[in-house]
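Down below is the structure, laid out as structure tokens.
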């Protein structure tokens, strides 16, 4: 029983990280209808440069983290400004190609600037732990789940209790119409991409504190978050985020029960089964128009 | 060594023959081109970059000392991004465009294996690549001369070492899913045969985002020893997860963990971890090791790492073969390689190649991580002994 | 008859006004151009570049297939390289039993079709990113299967594949490999170009652009998607077969997610929906890294390759073919006088 | 006064407007007429800054051609009903109505719903599920919610039943009489002539002539010249 | 699968019986029983939201029917999906133009030939002779329709570059190219100028003359309905209101109230 509890704690924490990361993907998708393949690397920049700054350059850790977050914001906004915005309409797939290029660029540059090794990160509470009924819970787990819940709920309120959400979705669907209705689409986009940069940085720092940091470590998170997003639908809110948490738990359980090499096939079989069996209205992207 | 007419050879050996007068590709009056591919970018780059640096340092030193027969050695090291087909393409580039004489070392198993069929076809000898695989070192690929053991042997020796000290009831292995992990498991099974020790093998896929399940599984099994053959990052991640749930068995790991880049970062998590040593400890009192450290530091201005050491010894063995070759062509280099018998580099265990023997070494040392140091427990452990 | 409509396959039908003679002439011109270009590598290049050209042929077959699926039918697949892998590993297994190219090819086609059915049938209702996701899942599963069946497939370390031997030709010789690959590549091109002139090809376009309108005239949307998927998988399988024969060594990274993404890149960069674009894209992904080698900076590509990709994609959003069309129009516009005023 | 001074407009490299001059005074309705493709829609887009333009667009004397679209709309209280509705199909009726509106404008939502009672029960339905005519009401509602000073209408009667068209035109006339300037694009010249003070005939992206609607003869002449048919 | 060409056969009558369509709790059509006379052009009118488009959707299979049935000639089509109804000869246009935006006018029209017997996918893919015969037949049909609609000159232009009016015509051409026996058009004249409307009406009349079909046109333009249709059905709030000749229907008090918001007497 203790083991199962332990797995659940691990699964929920990892799932929360997927969810938080996915939140960043969602808001960007909603405002610019594009997928940023380099999003994980934006977070990586934050964590990896923070590591470099405090460990190699001797900056105080909080300052290093702050600089890292700032870098992520700058880079993410730059991706939008220099690339995504310049993609003409009606070119499906081009966003993937462009951001793939950026993904490769960021990876190579960071590897050149710092190095290609894996490094331990500040533990952020991973070493203060308590045992509850046979389950060991660390402060780090608490921080992860707490931050995730706070940020997601905050984002929900911001998007649904203010006119921001409407403007956001309006801009996403048709920037021209939104502008003609008086929405400052540019400012909205910039703000969203910047906010997504902050979220990426937070997730990347948390992940680094649980695993380690190098130029590649965020890619598995990116893939898992995308998976959750696509199962749940990138144009929804709670469903994909819940799927993200559930994915973390499911993954941990299959690895524990069926063995580690079953993790990958189990996750992907799940995708196929879910997408093949769930009712049609959950499967369709919500842009169906009547005949 | 054999005479110039050694063209007969067994079915397994590379039968070019050594024509003393022939001048091989890449050889001019002033220069001998050698080359290889390594991962210089992507997730495998750490090892490749270190090895490259080691080779370049050695050749720089050698060239400063006058080279070989008055010729400078020019190493060309291309990036294969740890990808087999890229490696093969780059190897073609080296052989067909750059016209290298021999392949000098290499780093990474699947990528190097990608180039091997091509090298076999082109009959280009490859000297001491670091690509531990049971595919290599035998008669299947006669042009590849190994100077490190494969993972089967490595883990057999490592397990034997533990069995010599104590008699555990349970041991576990977490390995990268696929050939690497399977081989390590095979080695452990060989050592544990008829010893009554229970073995749990947990394959792991790189890119695991949560190590709690694996750690919990290990804890549940409750092995006294957990052996690991994972990337640096995943080794660190797993040990962290194990400590997060309060499970701290004795650990052992493959030779990659004896590198500074690992110990510096994850040493604190890995106290008392046994590691296989493919190369001599840099702290060793051995005169050749001391000489190496001094030479490397002189060339580069910094202390060497394990991968630097590997690169260095790859270059050293290549140079030695070129020195011994009766003519500067591939056939003669192969003949020279086959004459190596317990050749001491001071870095890897003594190297022996023969007509039908491409394995080079069958031993690893055993070390242990203590503090931020790697303490050598045994210089070399051979399977023969 | 069928023509290598490689320059303007969008013109999916004979203009009613144009006589048949003009069409035939255009087709002949294109075949001639294709033949001339195809003759360049064996006549002018050294072994290494012939080898690279042979790889372009193999990848072109793959991108032509992906273009049918993505460029024309609008279905995004991130498993195209996996289907190449299916072809390559089938080749490996079949050839390890000593079977020759004909049986290999037959097996590749059958296995690719079966694999495609397995992916396509449960995913009929999906499109867009979600389809991409399921195909991605297929790719991961394939990687897992390869990893778990080391004895059969060589596992993570890969496997070396026996060359195709036809008479005195041996695909481990670059020149022979090139000539062997040229035939399937040419046929694949002809068929892909011809597809644009058929109702089948138009069904695909309709499914891509407006499923409702397609249905309203009687197009079987699901069946069209499956057909496209099957065709593209067979193309990919054959590409894998050629790839295995040309390169002689296959390993999981050759067919992983990134490989699939790169095929996708090829289609987009070349110009989605066009046969010429698929060729240009294949050439891009195979040859651009070589340009750095030519420039004496072989290790620079990983660093600037990504930036180059992003820049190229932004500069030519309609692909290289789109760029060419734009230039052509401009040239013609300059000749034909003022454009746009009605 | 909304003034266009030799405005040229382009789609990419294709020129669609070749110099349009236009004046819309507050309290006046100006109707833009012309055949399909004459540039009527493009003229409205030029006022909003949604196509690349040259020339001057002034509102109440202030030059606005350098401003981004949302500033023109918000600062100068211009609202538009797009051709083909221009609704956001992913959004609900309510969201479509309030998008881009500020707090004060939102407060007027009740007024708008009163005007189109059919929409009241459907405020939380997606607009894409409404009938064509209902969608047109949403589009109009969105513009009216902003209480615009200048209202641009691109074929507001498109796809509407006569009864609704009549209501809409009645309402427009009322707004106009309250001081709003209306620039109306209308396919039917008869209809345009009955609500507008002035007809502006566009031909190939330029103003062909401006006709006062009280001058019946010239209106008839315009119809004959522009469309080659005599309307009934 | 049988792909018998239904063109060239005599146009069938279209009948709906007790048709009810629900969207959640909302009833978009309630118990609608109408019959469209064979071989005639009928008009379908009614205020916005009356259910005209929904009725077309129900007949063409684009919405699911809660109750009732759809008959074409003697066949009950209720169980068939949209595609099979199209193959059976029921082809519709959309109120919002739906085209293959990046393709040429010709391609857009040719897609409509799907209804004609097409060779198997394999025969098409490998370019067997049957494919070439079908191709020639389709091209000829497309050329004829384009000519009829005055689009021949635009055949190779991308449709997204065309003015709206031409796009509308392309949508109509796609419907007409296969000479279906039942043609459903949803506001085909919306957005066309006066001249365009008159031309469209003339074209439709001519098409109908050449290939007699049962045609239904949803329109708000009363003049157009009057000049084009020999029969008119009026809907209101999802229910059948009235049918008959244009004069009868437009003369009906209830229709006038629903549609014009005033009775005829008030507006002389």
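Per-chain numbering from 1; labels A, B, C, D and E assigned in written order.
Note that a contact is a pair of C-beta atoms (placed from the backbone, for glycine too) under 8 Å apart; a residue touches a chain by one contact, two chains touch by 3 or more.
These are the chains along with the protein names UniProt gives them: A, C = Branched-chain amino acid transport system permease protein; D, E = Branched-chain amino acid transport system ATP-binding protein.
Everything quoted here is computed from the prediction, not taken from an experiment.
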Quiz prompt | Length of the shortest touching-chain route, subunit A through to subunit B | solution = 1
Quiz item: Farthest from subunit A in C-alpha centre terms, which chain would that be?
Solution: E
Quiz prompt | For subunit B paired with subunit D, centre-to-centre distance based on mean C-alpha positions, whole Å | solution = 76
Quiz item: In angstrom, rounded to a whole number, how far apart do the mean CA points of subunit A and subunit C lie?
Solution: 32
Quiz item: Taking each chain's centre as the mean of its CA atoms, how far is subunit C from subunit E in angstrom?
Solution: 40
Quiz item: Residues of subunit E touching 2+ other chains?
Solution: 53, 60, 62, 94, 96, 101-102
Quiz item: Which residues does subunit C have that touch at least 2 chains other than itself?
Solution: 147-148, 212, 216, 302-303
Quiz item: Do you know which subunit A residues sit against two or more other chains?
Solution: 107-108, 223, 261, 264, 289-291
Self-check item: subunit D-facing residues of subunit A, complex
Solution: 163, 166-167, 169-170, 172-174, 176-186, 235, 286-290
Quiz item: Where on subunit E does subunit C make contact in their complex?
Solution: 60, 62, 81-84, 86-87, 91-94, 98-104, 106-107, 110-115, 118, 121, 124-127, 131-132, 134-135, 138-140, 142-143, 146, 152, 155-156, 174-175, 178
Quiz item: Which positions of subunit A touch subunit C when the two form their complex?
Solution: 35, 83, 86-88, 91-94, 96-109, 112, 223, 226-227, 230-231, 234, 261, 264-265, 267-269, 271-272, 275-276, 280, 283-285, 291
Self-check item: For the subunit B and subunit A complex, residues of the former touching the latter
Solution: 41-43, 45-46, 49, 174, 177, 202-205, 207-214, 216-217, 219-220, 231-233, 236-237, 240-241, 243-246, 261, 265-266, 268-269
Exercise. Quick one: which bits of subunit A touch subunit B in the complex? Just the residue numbers, please.
Key: 3, 6-7, 9-11, 13-14, 17-18, 107-108, 111, 115-120, 126-127, 129, 131, 136, 138, 207, 210-212, 214-217, 219-221, 223-224, 248, 251-253, 255-256, 259-261, 263-264
